[in-house]
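Okay, here's the structure, questions in a sec.
Think of it as A, B, C, D, E and F in the order they're written, each chain with its own count starting at 1.
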Amino acid sequence: PIFVNRRAEGGFSGIQTFAKLPVCLTPEDLVAGEMDVAICGVPWDSTATGRTGTNHGPLAIRMCDYKGGYGRPHFELETHVDALEELNVCDYGDAPIKVGNTPATFEGIRKFIGTIVESDTIPIIMGGDHAITWPCATAVADHYGYGKVGIVHFDAHADTGADMPGSLASHGTPMRKLIESGAVPGKNFVQVGLRGYWPEQETLDWMDEQQMRTHFMAEIIHDGFDKVLQRAVDQALDQADHLYVSLDVDVTDPAFAPGTGTPEPGGLTSINVLTAVRRLAAEVGIVAMDVVEVSPPYDDRGQITSLLANRAIRETLTGIAMRRQGLT
Amino acid sequence: PIFVNRRAEGGFSGIQTFAKLPVCLTPEDLVAGEMDVAICGVPWDSTATGRTGTNHGPLAIRMCDYKGGYGRPHFELETHVDALEELNVCDYGDAPIKVGNTPATFEGIRKFIGTIVESDTIPIIMGGDHAITWPCATAVADHYGYGKVGIVHFDAHADTGADMPGSLASHGTPMRKLIESGAVPGKNFVQVGLRGYWPEQETLDWMDEQQMRTHFMAEIIHDGFDKVLQRAVDQALDQADHLYVSLDVDVTDPAFAPGTGTPEPGGLTSINVLTAVRRLAAEVGIVAMDVVEVSPPYDDRGQITSLLANRAIRETLTGIAMRRQGLT
Amino acid sequence: PIFVNRRAEGGFSGIQTFAKLPVCLTPEDLVAGEMDVAICGVPWDSTATGRTGTNHGPLAIRMCDYKGGYGRPHFELETHVDALEELNVCDYGDAPIKVGNTPATFEGIRKFIGTIVESDTIPIIMGGDHAITWPCATAVADHYGYGKVGIVHFDAHADTGADMPGSLASHGTPMRKLIESGAVPGKNFVQVGLRGYWPEQETLDWMDEQQMRTHFMAEIIHDGFDKVLQRAVDQALDQADHLYVSLDVDVTDPAFAPGTGTPEPGGLTSINVLTAVRRLAAEVGIVAMDVVEVSPPYDDRGQITSLLANRAIRETLTGIAMRRQGLT
Amino acid sequence: PIFVNRRAEGGFSGIQTFAKLPVCLTPEDLVAGEMDVAICGVPWDSTATGRTGTNHGPLAIRMCDYKGGYGRPHFELETHVDALEELNVCDYGDAPIKVGNTPATFEGIRKFIGTIVESDTIPIIMGGDHAITWPCATAVADHYGYGKVGIVHFDAHADTGADMPGSLASHGTPMRKLIESGAVPGKNFVQVGLRGYWPEQETLDWMDEQQMRTHFMAEIIHDGFDKVLQRAVDQALDQADHLYVSLDVDVTDPAFAPGTGTPEPGGLTSINVLTAVRRLAAEVGIVAMDVVEVSPPYDDRGQITSLLANRAIRETLTGIAMRRQGLT
Amino acid sequence: PIFVNRRAEGGFSGIQTFAKLPVCLTPEDLVAGEMDVAICGVPWDSTATGRTGTNHGPLAIRMCDYKGGYGRPHFELETHVDALEELNVCDYGDAPIKVGNTPATFEGIRKFIGTIVESDTIPIIMGGDHAITWPCATAVADHYGYGKVGIVHFDAHADTGADMPGSLASHGTPMRKLIESGAVPGKNFVQVGLRGYWPEQETLDWMDEQQMRTHFMAEIIHDGFDKVLQRAVDQALDQADHLYVSLDVDVTDPAFAPGTGTPEPGGLTSINVLTAVRRLAAEVGIVAMDVVEVSPPYDDRGQITSLLANRAIRETLTGIAMRRQGLT
Amino acid sequence: PIFVNRRAEGGFSGIQTFAKLPVCLTPEDLVAGEMDVAICGVPWDSTATGRTGTNHGPLAIRMCDYKGGYGRPHFELETHVDALEELNVCDYGDAPIKVGNTPATFEGIRKFIGTIVESDTIPIIMGGDHAITWPCATAVADHYGYGKVGIVHFDAHADTGADMPGSLASHGTPMRKLIESGAVPGKNFVQVGLRGYWPEQETLDWMDEQQMRTHFMAEIIHDGFDKVLQRAVDQALDQADHLYVSLDVDVTDPAFAPGTGTPEPGGLTSINVLTAVRRLAAEVGIVAMDVVEVSPPYDDRGQITSLLANRAIRETLTGIAMRRQGLT
């Protein structure tokens, strides 16, 4: 692990790694540095159906932040936890992409994430479109065992669609792929925030058959987010042994996350999202996370979508550190 | 009614009609197709007083959506209603505009909307600045009878101003024009969301004299949106026989609708607006609707204002379909 | 005081002073016009650590508004108070800036604001980065007495940092500077909205020693904004004799204020901010105010951040007028 | 004439008049100040057929400039002329607009410009869409005599269209209106820069009948701009007694002027435009000028279109001053 | 062929087909309408290596234009040719896309374009990234014969790269694919505008071996565009029997075409590009054309890149019509 | 020197150093790696007088490029030189900044650049506002001797202003500072591209006294860029022993470089700039270079200004490599 910044330089100065964290590029680095968490990118947007641009997600999430980490504290004001002090965290760069070749790229992503989990390091993955959850969560299941991993999935969309004719993969289908392969059984899914006009009855029926536990936005509007989050946390605790969190930024309302490919009005607030991921990391514990669907070219000048993704990662780090310290 | 898209193509592929709906261009088409709803544009912004750009509203509301309709389901997740399956809906194109000539244009708009309502079709009108509600609601009253139509009016502004000297019409005066002509009496108005620094006492007094029922933002902040919406629904049910909904997107906070000409901070959320229009369409029933004041050049890259307007129309369609199915 | 607009012209027509108010350029003008409030700019951004651009804040806050004031009413719909009728208010232009010279500029700002308060006029200051609160509040304390002024400080950040090595001033340190100089003792501070990853424990301990009263965002999320605001109002009443309000727009969530240099997700809404400043002006009374950290180049096309700052000023004016009328 | 800025303050500091010039608001001011030139706005965009937004042209042209004038030199590097020192120039604010009423507004514009020319002051008019040239040039002809005024007209479009049915006026018709009324006969027109797909043969024939002298872009591409400009200057000298320059910014290529309503690729460069207006003002002499079709909401962040319009005005001022000094 | 607009409505009114042309959706329509030219989109960006977003190219090129065609003249000012009157032209909608599956999509594109050429209709294709030239030109060669088609290729890049390991296709390789398959032999290529830092010597040597004729930007800077264009026209005439023009918008300088994925400073002007495509269509004659690499999310607000692509198509239509009329 | 990217990954993948070059952070690294050129940033904008934002220049210039270097060729098509193969080049990160303290920061910059030149490495400096040329060129003169360094200075502005009262430094004064200190005598300056309305006669006279050689834009318009460039090259050869090139991006027309703080219409093209810097590096040879005044928040979405700066650096590298190879 190598620092590539001058100590205590400003957030926007110098080389932009995530939070000015040191860089690792090989599994050997991860092991040598005893890395607890590796933050990495998967700059792939070729399985999106609406607007693209998520291939620039990792770059934007890295460079949107006014705070650095190296040489400066990362002390969270509510919990009084400094995750970057408590944990060994690095920036692991980006997964390789094979242009125009979905199967080869996804196989590469699976291997790339696999080397991280096999190094006993938690991958926090910056997407990319949501289809990458298929190879990423498969890699995690490869390590912990098929059926042993559960997913809490924040999204406006179920992402459980059947393939469209001729489509090899899509950001609308990863959860079905994972269920069908057995990597993550349907009963291990907890979904939060679904709304809008998709999927249709047939897919909802299939989801029920798979015993997926889905919290629609309507439930959140009716009961309040706090109650629904508590249900999701309880279900996650009651679920498989190892938790993977998949955060599609479009679960938030477009006001809070305008820079995404398939925005759906009527969603969560930033406070909802930040609270949720920290609670899951602290109270349930996680083995991997992805933050997907940030599309920088559609973001505003203030890059508020990238920044929300950045903070969701930082809050997850805070939660991981809290759990280490027994603060849950 | 003619489909101009290839079946099941992606939302942003091919010709952009609203929701990939078939096109009708004449009243004969509407009748032949037994159209329940005709979505149409009024690309007019020459009666706006702040920023213009709403003449591109119809175009942007049509092309901002990642979902199509033709060949794909339009199944709403909370209600399990697919409005585009339940109803015959078309894109009726745009009303003719006579550049620089307000009276002639407004007369043309009145006729254009008139042909729709006379075809027993519900017009859903994409503005354009709010002045168009004057000819649009007049056309509806022409058909159903002066005094027989009520309006639920969502807006940050009362739009009941007296004319400025020399002004023929303005987006600040349509509601007064409708009241003064007798098309829609003041007691048939329910207003929701007013705030800010206009109008002055004299106009408020006139509004009281007209027996308009106005729910200021202050009431909403104090009592909560749900209670105020219930009051508005009750008043609408207690009102005239036929309901016209007029939605000025500036009723929402600029965070949710930045692309508008006279934004006023401190407004509603997207959830508020989507909930309200669906309830009115389902529980009260509507004969016409307009969604106005979307100004695409001031919107952000993610086009979240256009998208909110798009979803308000889709939720209204859902409400109309619910009422058809007896789901209220 | 000189009007530079034609009567009743549109908000975006003609010369842009704040709310089409008359211009004063000298203390003599303020006295001759018996000015109650002078709105002025401090176009300085050389002590920002993240993104700059706040030097264009005054310009943007002046020109983003669709409403003028001169010849048009400014009647607030909840309170029925027209602040621009009740009060003598002017646009006092901008403070002089000495490029690249922080000490000389800050001395100039102190004098500039000093001439306003000495004219018995309330300065409402449009920043500029937050470092300007140091000279501005010092000028107010120069007049009312060191220790006699209290500050209610809305911000995502404590701004109580110790100087970085070599730094003369920074938008992260003004509150410490004011405390250390004795101009505004720590016990006279009420802070609202802090969140995120700064400052560290050592600074929080120093803040406690100074007896600063800080309401973190976590408290607001837990108890609700209304309760925390009531606590802040009570503390302000219990505080020093003269209240200065310092509003860093980044206290609001980036959804509501994207155009700022160090945005921090998870913040207040626009309704929160507008309610708070009006209540303080009406119930506690203020002698000065600043609105800082608006960075127009990072704002969206709809300029919603500038507009929120504009409305925060207008609501403060409303509160001042309410207090004059005994409406609290 | 009243200065509303502090001496030598930065370009973006304080109240934004054009070039920090003093403000005049009445003809009496113009006479008292012996004004040579009055810069004024006509914020009207209701006769545009494509994109609107030109109502914000005057505001943007005033506030886009990093240089002020008051207290700072305005010394042109090629000519060594300081126009703001040589001439008395003021900002005369904006013409009144009557929303939605084209005839009343145009009558008002005609009177507004009339008071300037009757004060022996050269109006330099910031549009607004091109339809305003109709009332503006009519006002100039009212003063100097019908038939006595010539126009050099830079544009991608001929703007000689016959009215569309029902249209009262349009930015595509002002030149025909002026010819038909006799205010400016066709033989007094010199046009430069026309290209694209409009008007059709019938209108071109009409233009020939009127003896308009038109330099198409094809001629400029073939012979070079310098030669064509020389021809235009010669024709202008050979023309009527008094020259009005009408500059539609869309004469430049969209690369140089993206912020306009009907951009047409394949146009002039900024150097062409700046050279041309200065030469006309210096070598032929002008009595009035307009710069129209700047649409700020479609401009880029750097506001390069507004800035080009600003510089075209400044170069015209330089040319006027050169002519005063005998430097032609 | 069906018109979906009201006659003579404004450019931005109503449904947006290219130039308000009638829609065809099947080969039968093309034949029935005796279509000379079919304009169609290929909304595919999954083989781009830099920035994506070209999947929205067809949509943006259709909706950026202030002029319609239906009911309005399309009379070109230099040539006095109205291509839309002379030719039967339609909007043929967009090719089907299979998300994430490059081979299946490219096979679909090949068939889609094949049906057009087999209908004796000239396809003008709006991309999409440049990889689509592979299936598009193959479809043309399928019809006219392998080796019988030549390509004039405008680009900053040679697009003759060897595949990267694992990549199935890329916008950097289509010309090599076409040469290797024999569809378009290297000697049938004329390239214009290459510059920058790619490809390397090895690929340049391969290009020489294939006898490709390449005009680098350096040649254009040295000799002037007109001379180089003449050489390209001469080479095209001397080439294969049937000409395909492939226009990558990045051949122009980023000032003229900022909205593209791999912009390279130092390129052509808009006048260069418009002149070139018209001359080729008129003097050599074409059987197909593509305009690729327009990436709307990276374009400016004025959409100048989309507009340049739009005008390149219109100029090509003008050239086709000129050739029909014997005007070359 | 450490590579922080995976070999041959895409331009926008992974950590963003300039051209994916290896990172050096200490003079020891430079010496150990035998670095020929060190590319570094000076993220300082506190001495700008117009718009700020140049503190993000280094970040944006690093991350705007679709090409990487590491593992991919960097072969220039005109010269057939691969500078990154020929030379040892690294990314040296950014100079330290002391917020709000101009003298301390400038002293730090001087030392920072000093360590590079003392390591026998050519610094290529990404600004930052133009004031940084004062400490940067001073550092170079410290090493090579006062009076031994010459500067070719591309700019719309002379940057030879006398200090404004109270200003410590400004982007309008660096050249005077260098002359007055003796670091770079006036006769060693060659300036290219000046235009607009500054400086005034007095400063021009002073420049003449100092024997500065200035090529105004007027000369370039009159004689053509190539001739003027030849004169500048000849003067540079005739000048001091060691050449420093200072490139203010505003020397180009705003169409080519919209993202800058004090844009001045009527400037150079991108081809002009790229040609000039390569010729100077190849034919005269350079010891240092800066590229300043890139202001990313004002750039367009396509980041064409940052990209032009990026390419100016790459062309300079090409020129340095050509000189090494004897290709001049």
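Note that in this section a contact is a pair of C-beta atoms (placed from the backbone, for glycine too) under 8 Å apart; a residue touches a chain by one contact, two chains touch by 3 or more.
Fair warning: this is a prediction, and the values are worked out from it, not measured in the lab.
> What are the mutual neighbours of subunit B and subunit C in this structure?
Under the touch definition, subunit B and subunit C have A, D as mutual neighbours.
> What's the minimum number of touch steps needed to get from subunit A to subunit D?
Shortest path length, in steps: 2.
> Shared numbers divided by all numbers used: is that above or below half for subunit E and subunit F, i.e. same or different?
different
> If you average the Cα atoms of subunit A and of subunit E to get two centres, how far apart are those centres in Å?
Centre separation, subunit A to subunit E: 39 Å.
> So what's the Cα centroid distance for subunit A and subunit C, whole Å?
Using C-alpha averages as centres, the distance is 38 Å.
> If you average the CA atoms of subunit B and of subunit F, how far apart do the two points sit, in angstrom?
Between these chains, centre-to-centre, one finds 55 Å.
> Give the residues of subunit F that touch two or more other chains, as numbers and ranges in rising order.
Within subunit F, residues 10, 12, 49, 51, 55-56, 99, 164, 253, 255, 297-298, 300-301 contact more than one other chain.
> Considering every pair of chains, which are in touch?
A-B, A-C, A-E, A-F, B-C, B-D, B-E, C-D, C-F, D-E, D-F, E-F
> Any idea which subunit E residues touch subunit F in the complex?
Going through subunit E, the ones touching subunit F are 49-51, 164, 194-201, 216-218, 221, 253-255, 258-267, 297-300.
> Hey, which residues of subunit A end up touching subunit E in the complex?
Those residues of subunit A that touch subunit E are 45-49, 51-53, 55-56, 98-102, 104-105, 108, 131, 164-170, 297-298.
> Residue numbers of subunit F touching subunit A in their complex, please.
The contact residues of subunit F facing subunit A are 2, 4-6, 9-10, 12-17, 23, 25, 41, 43, 55-56, 58-59, 62-63, 91, 93-94, 96-97, 99, 297, 301.
> Considering the complex alone, what residue numbers of subunit C touch subunit B?
Counting only subunit C, the residues touching subunit B are 8, 10-12, 66-67, 73-78, 80, 82, 253, 255-256, 269-271, 274-275, 300-302, 304, 307-308, 311, 314.
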